[in-house]
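Below you'll find the structure, written out as structure tokens, and then a few comments.
We just call them A, B and C in the order they show up, numbering each chain from 1.
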Amino acid sequence: MSPLSFDLQLLNACAALLLLLSFSMLSQRRIVNLVNLLALQGALLCAATLLVAWRTGQGHLYLSAALTLALKVIGLPLLLHRLIRRLNVYWDAEPVINTSGTMLIGLLVVVFSFGLAQPISALASTATRSTLGIAIAVILLSFLTMITRRKAMSQVVAFLSMENGLFFGAMSATYGMPMVVELGVALDVLVAMLVLGVFFFQIREQFDSLDLHHLESLKEGE
Amino acid sequence: MSTLGAITQLLEIVCALLAAPAFLGWVNQCRAWLQNKRAPSVLQPYYGLRKLFHKDVVLAENASSLFRLAPYIVFGTMVAAAAIIPSMGTGLPLSMAADGIALVGLLATARVFLSLAAMDVGTAFGTLGARREMMVGFLAEPALLMVLFVAAMISKTTSLPLIAEGLTTRALGLYPSLAFTAVAFTMVLLAENARIPVDNPATHLELTMIHEAMLLEYSGRHLAMMEWAAALKLFNYACIGFALFIPWGTSTEASGPQGLLLAVPVLFAKLAVAGGGLALIETLSAKLRVFRAPEFLATAFLLAVLGLLVHLLLGD
Amino acid sequence: MEVLLLLGSPLLGALTLWAFGARSWAPGLNVLFSAATFAAACALTARVIASGPMVLAREQFLVDPFNVFLVTLTAFVGLTTSIFSRPYMRVEAEHGRVSPGRLRLYHSMYQLFTATMLIALTTNNLGLLWVAMEAATLSTVLLVTLYRTPASLEAGWKYFILCGVGIAQALFGTMLLYFAAERVLGAEGVTALLWTHLDAVKGQLEPTVLSLAFVFLLVGYGTKVGLAPLHNWLPDAHAEGPTPISAVLSGLLLNVAIYAVVRCKVLVEGSLRSALPSQMMMGFGLLSVVLAAFFLWRQRDIKRLFAYSSIEHMGIITFAFGMGGPVANFAALLHMTVHSLTKSAIFFAVGHAAQKAGSQLIENIRGLVTISPTIGWGLMLGSLAILGMPPFGVFASEFLILTTAMKQQPWATPLLLLALGVAFAAIFGKVQPMVFGETPMRRLPHPPALLPVFVHLALVLMLGLYVPPYLAGWYRDAARLIGGP
């Protein structure tokens, strides 16, 4: 078995850490820590993008990495931290399913996503293809985080982490999307956060809390 | 069976028997230093053992023969385990008899007898300790097995010497899967050897202890055997860790007597560093409530499984 | 040029109204910008009639028979809705439900929403399509929560999260599509997301990847279409937002989402040469039709009632596109048009009715004919039209879909018929007392302006009796483009 080149090993390490971070997010109940984990995830994503950019010499990936750094490592976490302070939400309530159960489901999710990625990885020509499974796992784990949380803020963090997973997936399958699209997506994410900021204040103004069980009165079929 | 192999084997067992209490003493000494206390001598465990061997045995009236036999069985399994772990050299004649999974089985045997003996006399604390030990064990064991599986999958064998050899001959690189399992292994080590954050070896505060609660009824040479076995267990775990994750410096069939000569100081150096690290972890972390211990071990298990999955996917 | 005007007008409108949206003449300005957009759409249509399909702006934009009529429809309903919203929002402001600041937000976002839909329709780049769809969600989230009531906040949150998650799936699908295309079209990736290029090489795209991509795309954009079981956001968002927004959500946004699904289906089907995309669309479509029809029975809120009716019709359209073939596609396109016109007309009438009654609950709205004959008859005719009574256009399209289903998918016909019957009974049973029942309410001093309602209904009536030849020509061209078994 020929050893992988060092940059690929680093990339794999990044991918593995991303997976680990997703699990930490799944179990983390302090919202402040959740946001920090998100920033860390962004940083890892940025590092991975830089590695790929350096390896393949594709200019637009440097731009994409810079975008990730500005938006996902610095911008959004700062915004979220400010929101947390202003709204005074530090802890999530008890999760919908207990932590061990969630972890077990998480493991199954990882197995599933590896299976899902197998046929695609087999076709990919990029050197980074093996990390695609991890990208899918990150997406699905963020999804799991989202459905097991009660606080709006944690759900949003999970949503952003899903977006990170998508970017990572795009990078490992195809070395990133075309620049136009990436810019558009980044813009959308930014706007989404601003909309959410407004939204959170509206929710709290109305309910004095960001707990989502207030938002469960509209039932299907009534 | 080569002479060198036999010598290595013998040296390993003797070394384990003699060095285990010293390793425990070293960990305690480091911990005392780190906590700004006056450190006991490294030899303190030996003094303790000598004192206990000179004392008479006091047995409970209703103690069965199991209670008397257990210390020898536990001690015996630990020595057997020490014999198959390639701590100094990989060309061990005895290790052909048992692979990594059998090793986990040996450790489990010791646990079963220890717990049975603890319940034998029928005191409340013994039973409590045994129950908690089983709770820790049933979570720690799968995690340990997972750790072994990852290593086994990487080197495509479950035999510990071959795993160690395989790793030394591989090109240096980053192995995320091994890194995950190393962390998981460390957590299992802490839990299995009754260290902080799962148990506190230095306290006899009844409600929180696990390991000590099982030994409360023992005295004299029985207690000495048990404590020696506990020291051996810690030593064994450290050596398993070396074999799985940092096997460099152990002698192989090819390296000859010089290799073996070199392996002894390397092992002691590793032990010294590991002991320091262990003391550091224990100093930095707080004892968990007993009911949080399953969570701690579940995390270890999760990490080990993640290591396995990452290995499967990234294929490193 | 026309495209620039088409997209520039609402974008400029959004900016201008962000600055002046609170002034008393802002609603007029809103209408003006919508009219400009509609004029540009007409010009574009004329251009396409004259010179056929075209690709513009370094191939980033595409106008072909499939999207040009949707562009016109979108611009048209956008215009009539802005006309309707002028008196409607004035009354809302007088009742103190919206402040001037929120009116500014409303007008600006209305224009932005139109712009995003038009971008989604005209872009040739599947990545941009995704971006525009997401932007369309974002621009309407704050509109749904315009009244800031607890229920509207809940609806907005559901809308945001469900569509956000859904659309993330679609992004992954788009990524997979790009991945498959890159292998064929070369690594530089500039053309690999352009629909025209993909369409040209669809036979060479990797089938396994594309089938996976389609699952994600259908689930993603399907959430926005409101396909069951991902429809939860739709009734809430429709019921809690201002009525003009319900009208454009139902009449336009759902169409745009279906458009996205169908564009993707064309590519995937070309690659797979199997029935998987068809079957998935038929399955989701049928499920939505049946589920929505039965949920219709339990509705007590008039806007939720018609929101579920939208789900039902989206199900019918998806099912028809799923069947494929020239006739079914033709019927589906016709149905998109007439549903859009009818449903927005109904929401206009419902909006006025609810405003007059001061409640959206069906039991509180009674005897509309005695209060205001125009509203009453508008609602009645609209309901009859949406229920597929001849001679309205919905009848024609549903008839075509049903007969095709009998020929191609006989197993589905009873289900469809059952659902349509249930829906008919449910809606008619609820609307009839609203229109003709006894009422405690006083007759209104002045009749409401319901010109848009009757213009829409007249168009639907016309489409039921006579489809203009160039429109029929487009439908046929588009139907051929979409293809199918």
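In this section, a contact is a pair of C-beta atoms (placed from the backbone, for glycine too) under 8 Å apart; a residue touches a chain by one contact, two chains touch by 3 or more.
Remember, it's a predicted structure, so these values are computed and weren't measured experimentally.
Engineer: Work out which chains are contact partners of both subunit A and subunit B.
Structural biologist: Under the touch definition, subunit A and subunit B have no mutual neighbours whatsoever.
Engineer: Based on mean C-alpha positions, which chain is nearest the centroid of every protein C-alpha shown?
Structural biologist: Nearest to the common C-alpha centre lies chain A.
Engineer: Using mean CA coordinates as chain centres, what's the subunit A-subunit B distance in Å?
Structural biologist: The separation of the two C-alpha centroids amounts to 38 Å.
Engineer: Give, as an integer number of Å, the spacing between the C-alpha centres of subunit C and subunit A.
Structural biologist: 31
Engineer: Just curious, how far off is subunit C from subunit B if you go by their C-alpha centres, in Å?
Structural biologist: Those two chain centres are 67 Å apart.
Engineer: Subunit A: which residues touch two or more other chains?
Structural biologist: There are none in subunit A.
Engineer: Hey, which residues of subunit A end up touching subunit C in the complex?
Structural biologist: Result: residues 116, 119-120, 123-125, 139, 143, 146, 152, 155, 159, 162-163, 166, 169-170, 173-175, 177-178, 180-181, 184-185, 187-188, 191-192, 195-196, 198-199, 202-203, 205-207, 212, 214-218, 220-222 of subunit A touch subunit C.
Engineer: Which residues, counting only subunit A, touch subunit B once they are in their complex?
Structural biologist: 3-4, 6, 9-10, 12-13, 15-17, 19-20, 23, 99-100, 103, 107, 110-111, 114, 117, 130-131, 133-134
Engineer: Which of the residues in subunit B end up touching subunit A in this complex?
Structural biologist: The touching residues are 170-171, 173-174, 176-177, 179-180, 294-295, 298, 302-303, 305-306, 309-310, 312-316.
Engineer: Residues of subunit C touching subunit A in their complex?
Structural biologist: 60, 125, 127-128, 130-131, 134-135, 138, 141-142, 145, 148-151, 153-158, 160-161, 164-165, 168, 171-172, 174-176, 178-179, 182-183, 187, 189-190, 192-193, 206, 208-209, 212, 232, 235-236, 240, 295, 298-301, 304
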